[in-house]
Amino acid sequence: MSGENLKHYCGIFGIYNHPHAARITQLGLFALQHRGEEAAGICSSDGEKLHLVKGVGHVGDVFSEASFTNLPGKNAIGHVRYSANGSSVLTNAQPYKVDYSRGRIAIAHNGNLVNAQILRAELEAYGSIFGSTMDSEIFIHLLAKPAYRSHEEGIIEATRRVKGAFSLTILTEDQLIGVRDPHGFRPLCLGRIGDAFVLASETCAFDLIEAKFIREVEPGEVVVIDTNGVRSHFPYKDVDVPKAQCIFEHVYFARPDSTIFHDNVGFVRERLGRQLAKEHPVDADVVVPVPDSGNFAALGYSHESGIPLAHGFIRNHYIGRTFISPTEAGRAFKVKIKLNPIRQFVDKKRVIVVDDSIVRGNTAKNRVKLLRAAGAREVHMRISCPPPISPCFYGIGFPSKKELLAANSTMDEIKKFLDVDTLGYLSLDGTLGATTQSSKDFCSACFTGKYPTEIFDEMDKCKLEGKRDFFGL
Amino acid sequence: MSGENLKHYCGIFGIYNHPHAARITQLGLFALQHRGEEAAGICSSDGEKLHLVKGVGHVGDVFSEASFTNLPGKNAIGHVRYSANGSSVLTNAQPYKVDYSRGRIAIAHNGNLVNAQILRAELEAYGSIFGSTMDSEIFIHLLAKPAYRSHEEGIIEATRRVKGAFSLTILTEDQLIGVRDPHGFRPLCLGRIGDAFVLASETCAFDLIEAKFIREVEPGEVVVIDTNGVRSHFPYKDVDVPKAQCIFEHVYFARPDSTIFHDNVGFVRERLGRQLAKEHPVDADVVVPVPDSGNFAALGYSHESGIPLAHGFIRNHYIGRTFISPTEAGRAFKVKIKLNPIRQFVDKKRVIVVDDSIVRGNTAKNRVKLLRAAGAREVHMRISCPPPISPCFYGIGFPSKKELLAANSTMDEIKKFLDVDTLGYLSLDGTLGATTQSSKDFCSACFTGKYPTEIFDEMDKCKLEGKRDFFGL
Amino acid sequence: MSGENLKHYCGIFGIYNHPHAARITQLGLFALQHRGEEAAGICSSDGEKLHLVKGVGHVGDVFSEASFTNLPGKNAIGHVRYSANGSSVLTNAQPYKVDYSRGRIAIAHNGNLVNAQILRAELEAYGSIFGSTMDSEIFIHLLAKPAYRSHEEGIIEATRRVKGAFSLTILTEDQLIGVRDPHGFRPLCLGRIGDAFVLASETCAFDLIEAKFIREVEPGEVVVIDTNGVRSHFPYKDVDVPKAQCIFEHVYFARPDSTIFHDNVGFVRERLGRQLAKEHPVDADVVVPVPDSGNFAALGYSHESGIPLAHGFIRNHYIGRTFISPTEAGRAFKVKIKLNPIRQFVDKKRVIVVDDSIVRGNTAKNRVKLLRAAGAREVHMRISCPPPISPCFYGIGFPSKKELLAANSTMDEIKKFLDVDTLGYLSLDGTLGATTQSSKDFCSACFTGKYPTEIFDEMDKCKLEGKRDFFGL
Amino acid sequence: MSGENLKHYCGIFGIYNHPHAARITQLGLFALQHRGEEAAGICSSDGEKLHLVKGVGHVGDVFSEASFTNLPGKNAIGHVRYSANGSSVLTNAQPYKVDYSRGRIAIAHNGNLVNAQILRAELEAYGSIFGSTMDSEIFIHLLAKPAYRSHEEGIIEATRRVKGAFSLTILTEDQLIGVRDPHGFRPLCLGRIGDAFVLASETCAFDLIEAKFIREVEPGEVVVIDTNGVRSHFPYKDVDVPKAQCIFEHVYFARPDSTIFHDNVGFVRERLGRQLAKEHPVDADVVVPVPDSGNFAALGYSHESGIPLAHGFIRNHYIGRTFISPTEAGRAFKVKIKLNPIRQFVDKKRVIVVDDSIVRGNTAKNRVKLLRAAGAREVHMRISCPPPISPCFYGIGFPSKKELLAANSTMDEIKKFLDVDTLGYLSLDGTLGATTQSSKDFCSACFTGKYPTEIFDEMDKCKLEGKRDFFGL
């Protein structure tokens, strides 16, 4: 898996009416940790005030016993995130909490707006000031307009102004609100635990806290939870907006034990592997997964092809981000320190190595090198999605076009670059066909360059044209 | 000194055109550490972007070598602060930095607005959102109004809207701006070091960095420093605003080696002591200062009275705020752990103990107890200012009226409470007469209850009436 | 895998004649992290002095850039460890370094002496003082006897006095010495990287640093590496000591990509799984591994039985030891937070769940519960080793007899306790037969109660008799 | 004061039979913090086991609430220390605790042995191993000899073998033992608090915990405290050993509020100042103390001479050891950051500046520079002890001979180096005469080069001859 180059922006969580709201939120965030490892935050409401604790690091490090003393109340939202810019990690950590004319409000956001720059410029022109670079701050400025009569109305109206990807959990003094953009780019699920309602990016968060999964929040739905129970608004109901659920959630990002977009992720991945075997068969001795990202697809490939699976790579799970070795710098070492091949299983063998995706290609290249050094006679690489050729503007930290291997090389060049005997990417139809849903309900812009929304922001346009790698800044 | 109960809100610093702007700012803040021990921050400008590092703790702990890598540029401002509310220390740490329509701006504020609530309510009514409880955020909202054509105009106009105490250093992409409110409550000094200009709350910051003191920023002056040099605006020049420099800066807060309000602080304090000896003479054996706050006044008292000074108290300077001993809780122990009398110098003696002020009275009471336990035959307490009877709304964290010893007791009751043989507070005239400036140029509201401004905020009014101790919250 | 209850004491490493000796040692320890997660240490020699850095925590946390400045020299040894007693983790961290009459020496020890108490009492009777409870300190006292003429002679003689399990790396000013006890309980391997020689508990450490594996240090061998190259001593050559290599290293402890005791560990584990399928076949729908400990055996079982593998459990790798949730205490929660079943793969299925071992049984029981809650129709548990019935005194932190599930229950009781439909443990012959070596070269005391050495220490005897759980203290 | 160059090795404490033994020890160490700022440790006894917590840093940082949970029992000893060698601070932190044949024992040591090398070599020749470079470890090896029948006998016999300076507190399972070497180099005091007995380097520790001072432990006395009360041994009673109490404790090291060697330290210092005025009068305007070290002597000088005191220097007490400024390196900056002159008090004045001592001279030189820059017309330096010309081997970290200013310069050269108008050191007779005790009861080797003991160790001899600065290593 070369997915390591892809940084998902966030995982979100919310709970209403639970005596241990902040603690349960911590558990929910822990289950969503894979969606954002760099910062975490929880905001709780005690009915009058909102209380916020956030910090840089993993969920288990950010929150201490003392944190929970500072997070009273029965309602809470939480957030985990990646951040592109190290120096501003804490400033941009979420939830984002403010006071305004109608009271107190906090937001946790997963996704990315495509008209952020325009909105920001417009707001600034009216005198707004911005303390962060988060899209959530824009959202709050929009909902704070004095014309609206309630938190709820403000949120609904703000929802109509923003374009792009946004799954949100919002906390006011006495409400928990979930919002999912009309395209439904990012998942958002609704569950119940006793008398409490919960919202989470993925159902794996429900499993850990033993909440019952009720249903997914619909694309374009605003769910308001308060003492009156759960009610829904559909601000976009009169507009024709196509669904555009992110297929990459299934391919790589979501946890295999989650159900999102009406399918179990692990099951979809095994089907991707089976389809891959149909599309790209090859005569070989073993199927070796790249752990853990290629595990399901490799098993599917093995089942479909009849070629036995072999645990040819061992993954070192101790890797911490603090582990630095200046004497052994570079990506090759980073690959080696995470993954070690077992000679016994690949020596003199024809090896099919299965991974989820290739982005820049360097990681994949180094893995092939490791396999050859361990004696592999042939290396056949099989990838359970098409080659990405265009950046994502909906919440995944893709590199710019000029860094995407497949955007700048022919299939032959890639094969040569990776030094593989054969190379097979799953077709787009094959990929979308692995779910039980209609193909047109998914966004596959990263594979096709066809975006389901306009792209308004200058920075994004440059990135698209490959002029400059803004993300890498 | 019982001044420990008084928390000054802030010290501020700014520098323009120095190759090591952030490092010099750190040194400046270090010299101003006594004005705020709980949080520190530096914002630097590299001509395009503003860079911010802030944290909880002392200056020496908040900034590391890595901080300076993250603080490039030749201009910078800095801030040290106390905070009333532990949980929000970091959120409210300054400088406060934002993006808005005319670019980027950061503010460091010393003082307290008296119309903050009104302005905030008004701004929220127009849709503003507030991420902190800092007055600086209000100031930035005001200057961000779209009508103004430049940072500079915005600042000048904002200055006209706010009431109360504000000495500010402001940083934009290419300017350093110093602002002092028309009353001149808090000090602000202008200096020069090579080709660079500096602003600081007190001149002791100039001494450390070997900057030359030029002059004080005038009450009501806005000093703009940029490539055109230094120019001044006087937004209040058409309004008749009386000067109201805080006499408590001389009595307790400022560092003795600073020059503020046109006088050296240590020199003023020694004169306070001399005057105290004139107003409250007593036959005794030794004059014992409460170190370090009473050192200068005690020396003045000794010189004037001819009664020899004795170092009767030893101060333990190792005290850290982390030192907690649940088995020895309470104020009595806190006094003992900081101060130990030397029996040899007080046993069987008639002792005059000199301190700067008495606020709640518990600390003073415990010191008298220590002296008596060490054998003092008589204890005569002399205080180098009048009894405070009314809270401060201009940037000093006084307790509310109901907690001020002198606001609720007769002189006899105080004497009895403290268990002293005689007690002498310096008169107001004596206090103001110790400076070389006109008495009417100073604010002495804490001693008189006569405030030089209106008090607009509800919270402040309650505090004034002694209804509830908001500050203690 | 219930192996989580088993704490291996240590991993050791050593390098001679490498310009980055300490850094390479850090990498080696990183690869051996699974052998000890609680403390780590490195001792380097610059030819004259020994330099030591050790600390509590993972390898990536203990050593910083500053550490390497403090660890100069071309020779080094390192150590990772578990510790039974939290309060003394740092005191007992290794390497253990001392000065004595013949110079300076440091030791890193993997294993456990069975005559430690006797030796300690004897040494104390002669006036020795002990600063720790480590066996390594005993070893150093023994070798420091004034009668010996060199480090080397001292080490050889000390080797003759100690009984039990000991793989050692020893560093003097100018030598690196490797020692393996005559039974060969713990592994120790010799390798080469350029002009440098390396010693490590497992070959996975060689892979990471790209060292070439030369051979294993023989049971009873003392390998001395210095400017004269590599030479060996065999202090036990005249004594008949049976080999007793720990079969549990293959079953659970060693990394699957290591080669120890002349076999690749992953390969042995897959053979254990195949044999398990032969001994305990059952009609079922899927074979589900407990990740990661059961991965290889499950794959072997699947291959042998033809029943398809399914990734029925997802492991959360973010788990930190700092993650505590008082509201969700207990082992059941600990199991759930680490492992989540995927309903899609087990619902309504007859599931064969394969793990490496069962020690206390609570973990296994909770996993069965999770599978049933996810809809499994039948649960057939298969374990790739026999039931442990007796504690280990050779360096594995087994619980005492009274806590070992199988030591106190019949097979029926275990089946009932775990709530499984069928239960199959691999036979001892089947287990030992999975290696390519002679069965009698292995220690299987934990499965049989037949110990290859005498047990001298009182504490161990009590533990054996199940009188009291010393280890649990 | 230039005393900053002098690092005292330690402060010690002990308490017997107090329900909060460890907490009281923490307070005692806190009061003794000036005797050692780099590491602190407490060892407690619960009657069976000894428990140890130690760490690098100030007392307030090393011990947390958790520490006290780990330090049960009614008896305890504690230690604060300086360390010459940064890398081994923790290894050499005390108390030093071991197991040996007669049980468990821990030692805290203040002082320095002059025959450490000889004893160490001898012990190593018999097979002893050394884990640290502390003299306390030697002491324990000596007392652990199997011939002795009890802790107590071992301690008494060990006392007879060591030479040099040693004040010790020793803890066994059920005893607290205090030892003071026959010369009495370092102080050790006995006190009582309720039913508990306490030992401490200085009486200021008794004041803080409100213990009653009973008496000083006599030179050559071993005080044993257990259930039988307090009893004394005098192992040296048959040997004629002259008293040699360190006069530098009075001049600089001890806290002014302590009573040691039968005199109050502050009182002695004021008498040193009075005598200095008699020996070195000069016509001047003000007497300026170097705070805090010169405070008492300056006051004495002022009283005797009639020349008024002025607080001409302000000390910055915020200085932390973490405060580093690479752009402003060097001693001159270090002086400036700690001390700022007040121009108002020295400008155009003839200034007598009074300090306790001059060691290397650089600090003093820089202070003179500051005074002259602040306008002082004349600078007359007065030092309240003679010039040190020879290193200390009894527990004070003096530099070697070649670094001592006065050991290598004439009085004229020193005057010129410091750039003072006049310079006056107090005479030796004047110094010793300031106490109430006999002059011959004090060690003044640093001023005279006449050592009260033989110097056995090679390293010390070299240092004495100025060959090499071992201490500076």
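A, B, C and D label the chains in the order they appear, each numbered from 1.
Convention: a contact is a pair of C-beta atoms (placed from the backbone, for glycine too) under 8 Å apart; a residue touches a chain by one contact, two chains touch by 3 or more.
Small disclaimer: the values here were computed from a predicted structure and weren't measured.
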{"item": "Longest centre-to-centre distance from chain D, chain (CA-based)", "value": "A"}
{"item": "Whole-Å separation of chain centres (CA-atom averages), chain B against chain C", "value": "61"}
{"item": "Whole-Å gap separating chain A and chain B, where each centre is the average of the chain's CA atoms", "value": "48"}
{"item": "Chain A-chain C separation of Cα centroids, rounded to whole Å", "value": "37"}
{"item": "Shared interface positions of chain C, touching two or more other chains", "value": "none"}
{"item": "Chain pairs that touch, as defined at the top of this document", "value": "A-B, A-C, B-D, C-D"}
{"item": "Residues on chain B engaged by chain D in the complex (per definition of touch)", "value": "20, 23, 26-27, 30-31, 33-34, 37, 58-61, 65, 204, 207-208, 255-257, 264, 266-267, 270, 292, 295-296, 299, 303, 308-311, 314, 316-320, 322-328, 336-337, 340-345"}
{"item": "Residue ranges of chain B in contact with chain A within the complex", "value": "51-52, 70, 87, 91, 96-101, 121, 124-131, 140-141, 144-146"}
